[in-house]
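Pasting the structures here.
Shared between the two complexes below is chain A, which has chain B as its partner in the first and chain C in the second.
Here is the complex of A and B:
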């Protein structure tokens, strides 16, 4: 009969209306500024620079200003200037560091290509989304001071990826130390007859590790 | 304005006591004038507040229907939202397009609001609580109400905007189409009550059968059918979903409101809600017993409270329907009016005439009277409904 469909529709909306008062599963709205849902681990939007220490972010940046990300960035939102001098990195080896490292978040399209091409695990995706600013030109252009965040922060937002990166870096460092020790031993005892011990599990590192001492 | 009931208890007489306390110091010739002014002020204040609350309640209810909380940032549970909206509307720039007719553009919202407020004059809000006791009150109500169509066309024409003009044409077609069933569904009530005066129509619905079934018109077969037709037409007359074609956002931006901003837009909005309130008030008056209590035992609650309760219930149904039904297409809209509502209302007029003629039937004849009455109300509904849906199957898209 005419109108029965309308009544069914009205019953649906009435059920929704009443249900929203006692059924928490129906009433899914999060009161955003006060309540926050935990972001999924896979969530990522803008890149940041990883540094080793929160106390000295500029001194412990992993970035060596190789400019691969700058060249690969599709919208060209990264601007890097190499330093003239060298500073020791986390392993004590003197490295060039970025004197200027700017990312224009107004231009960035969050494609993550910079992260994928970085051979030093120095740039990773962040989870900040409250980037609203009143200044269109200055505030959305983030310099290296704003971009640098410690490795512990990376651990907290992407634990799986950070754990994998850390174990790879550690393995590479151990392998390098082992190699250095072998080289030192070889230099100390100039008899090449000594059997060379097998290398540490460097096969785990698919990316080329930074050249270490 | 009468002196008010003298034998009723204090709460029932409270509005009159308050009015007399305010005006008793004035000389006799001025007192009538002051009493009228007070009635106007009271209507504007009460319905202005109701409008503000209704915008909030509507948004809250729509939110709950969609399983979200609705506005809750301004004040306790968003209670200050209407104030915030008002401040926003007042501080917005009032833009008049260069090509518009400035005088008509200005007059349209004013006229619309004026005509909508006029309709409040004849609705009985309680026992003897009516601003103007007109003998032809119902006629006056529909005359003032249909003048709003003029102002909507004024708005569309003066804006000099194609969307506004198309919307105004649509509004005219829609409002004129639905004016007819609206009037035709009010005629049976006039026939049954034998008067065009709204307070007398309410009086005629007093009393109870077996002590608990009130003599409201909606509880008769023809009354239920007429109430349905009246309610659907009222939805359309107040441009409410699913008949909100004149301001169909998806097709016409905002319809005749496209070129309005700031306070003029707020006036349109206000007039729309005023029209909705007055149509609901008239529906309560004609079919739901006006200010009459639903049970004799509940008559200690003042009459205006009963009227307010019924009015709010109808307004909530309006909101409920808006939350449920999608918008009709223009051809569906007019087909529904001319092929369904108008014939239904005409047949219903005959049903109402039969009901009046068979007033004296008693005993087993009473059962026959009800059977014929129900058949005259339900039969056309089913048959016309079948005709309406005939030939409109699922749509086939030949070139898609």
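Here is the complex of A and C:
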């Protein structure tokens, strides 16, 4: 009979409309600024730079300005200048650091390739998405001061990934110390400062990061 | 007397056009629909010549969203092109990723782990569900059912996007496939939520079909509208649900058997009339088959590595050669043609976009139809302008 299909469809919409009063699953809208959905742990937005300490972010950046991310970034939104001098890193080894590290988040397409290629676990993806600014030109160009966030923050947004990174870094550090100790023992020379120089190559060598070697 | 400048009527497919130009009928009207017309699915423009309400000529104009995709990819590294493929057909980033990864894997001779092949099938079929659900909503929106079907479709789409987001980190720009596998391993909890979604999807489709399939207005607007003959579809290179709705049983999942598709049992729905209603129904039936594939894949997925850690991603320099990969995307055959000269970036990079090639027969389907029907016909072609223009 003509019209049965229509009536059947109307029954569906009526069921959905009335059902929304009883069934939470049919009531799907989140009223955004007041209500928020929980972000999944894997959610990514823009990159940030990991530093070890919140008190001295510039002194404890993991980044050694190797410029791999700058070369690999598909839209070329990263700009890095190497420092002329060296600063000690978390293992006490003197390292070059980024004198300039800019990310133009207006250009960035949040693809995560910088994170995958970084051999130092120095750049990770952030989850902050409310970045509206009134300045059209400068506000979305993030310099290293705006990008640096402590490892504890990384732990809070990506706990699983951060746990893996931390255990990997710790293992690398312990291995380097162990190697240095055996090297020092082999030399059998009473040099207390000996552990540091042999630790250098292993700390500088790219650590095995699962996605990309 | 043929004022519209068309070829002789007898050579055209479809019903004869009433392009009578006399005092009674008045002049022909050339109407420019788009690029900012809500019915054209993005920045697509149709220059339609009308005799009354009947389309006597239709010229598709595209390129407004051209972003130089292929040339950018020829300057980028092999890995660097992967996120750009997300932005071709931005509803189906997972299948775009897969087709591109397949091309590079063949070029570099990279094997794919078994678990990754399963995950790829799962994600491709989820993408098919997502795309066809959206298409049904958009098609009904084009037909004048403003709101309800589209909102129901988007409610379900959001559930699939939540899965994509919790796996890859992004709802639409997934950038998930890698050469030799996938980037992140789906957790058991993720697989469970995928199973729950797949189990509930059949019920949603039942509800959706109760709303639409038997609807008299939908039938009146789509049955017999925009017929596409199998001969024309084949000679124009049309692929995907468009081709199958025209009655040609051609599905690359069956023909090529790429990935692990030969391991799954599924049927390929085929239309009888090649009209807009068939194109709608073929997609609904394909979704039901996709649910079957997903059930099998989620049941059989093995444990194991998702990505070979030795598989080279950065600084890939495949040896000189050329390769064409194709998979059955939700819109049709999405293919990538790469020529390597041994350097760090492809010498030539070419995308075979299904929606552009499916769009080439738009005029043939619209001739003799009314202007309102041409909107529905365009909706049934299922275009995404990010892919048409690249």
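Some observations on this one:
The working rule: the second predicted complex is superposed on the first by the 189 of 213 C-alpha atoms of A that agree within 3 Å, B and C clash if a C-alpha of one lies under 4 Å from a C-alpha of the other, contacts with A are read in each partner's own complex, and residues count from 1 in each chain.
Here, a contact is a pair of C-beta atoms (placed from the backbone, for glycine too) under 8 Å apart; a residue touches a chain by one contact, two chains touch by 3 or more.
Please read these numbers as outputs of a predicted model, since none were measured by experiment.
After alignment on the shared chain A, the placement of chain B and chain C results in a clash.
By the document's definition of touching, both partners, chain B and chain C, reach A:3. In the superposition on chain A, contact is made by A:125 with chain C only, not with chain B.
By the document's definition of touching, neither partner reaches A:38: not chain B, not chain C. Once the two complexes are laid over each other on the shared chain, residue contacts for A:74 go to chain C alone; chain B is not touched.
Using the contact criterion defined above for the overlaid structures, shared-chain residue A:27 touches chain B, although it does not reach chain C. Of the two partner chains, chain C is the only one that A:112 touches; chain B does not reach it.
Judged by the touch definition given at the top, the superposed model places A:188 against neither chain B nor chain C.
Touch criterion met: A:16 reaches chain B and chain C at once.
In the superposed three-chain model, the partner touching more residues of chain A is C, compared with the other of chain B and chain C.
Only one of the stretches 112-120, 220-228, 256-264 or 328-336 belonging to chain C overlaps chain B in the superposed arrangement, and that stretch is 220-228. Residues common to the contacts of chain A with chain B and with chain C across the two structures: 2-3, 6, 9, 12-13, 16, 28.
Those residues of chain C whose C-beta lies close enough to touch chain A in the complex are 76-77, 79-84, 86-87, 148, 152, 155, 158, 162, 165-170, 173, 175, 178, 183-184, 207, 210-219, 307, 309-310, 312-314.
Only residues 61, 64-69, 320-321, 323-325, 381-382, 384-386, 388-389 of chain B touch chain A when the two sit together in their complex. Chain A meets chain B in the complex at residues 1-3, 6, 9-10, 12-14, 16-17, 19-21, 26-29, 31.
Interface of chain A with chain C (complex): residues 2-6, 8-9, 11-13, 16, 28, 40-44, 68, 72-74, 109-113, 116-117, 125, 208, 210-213.
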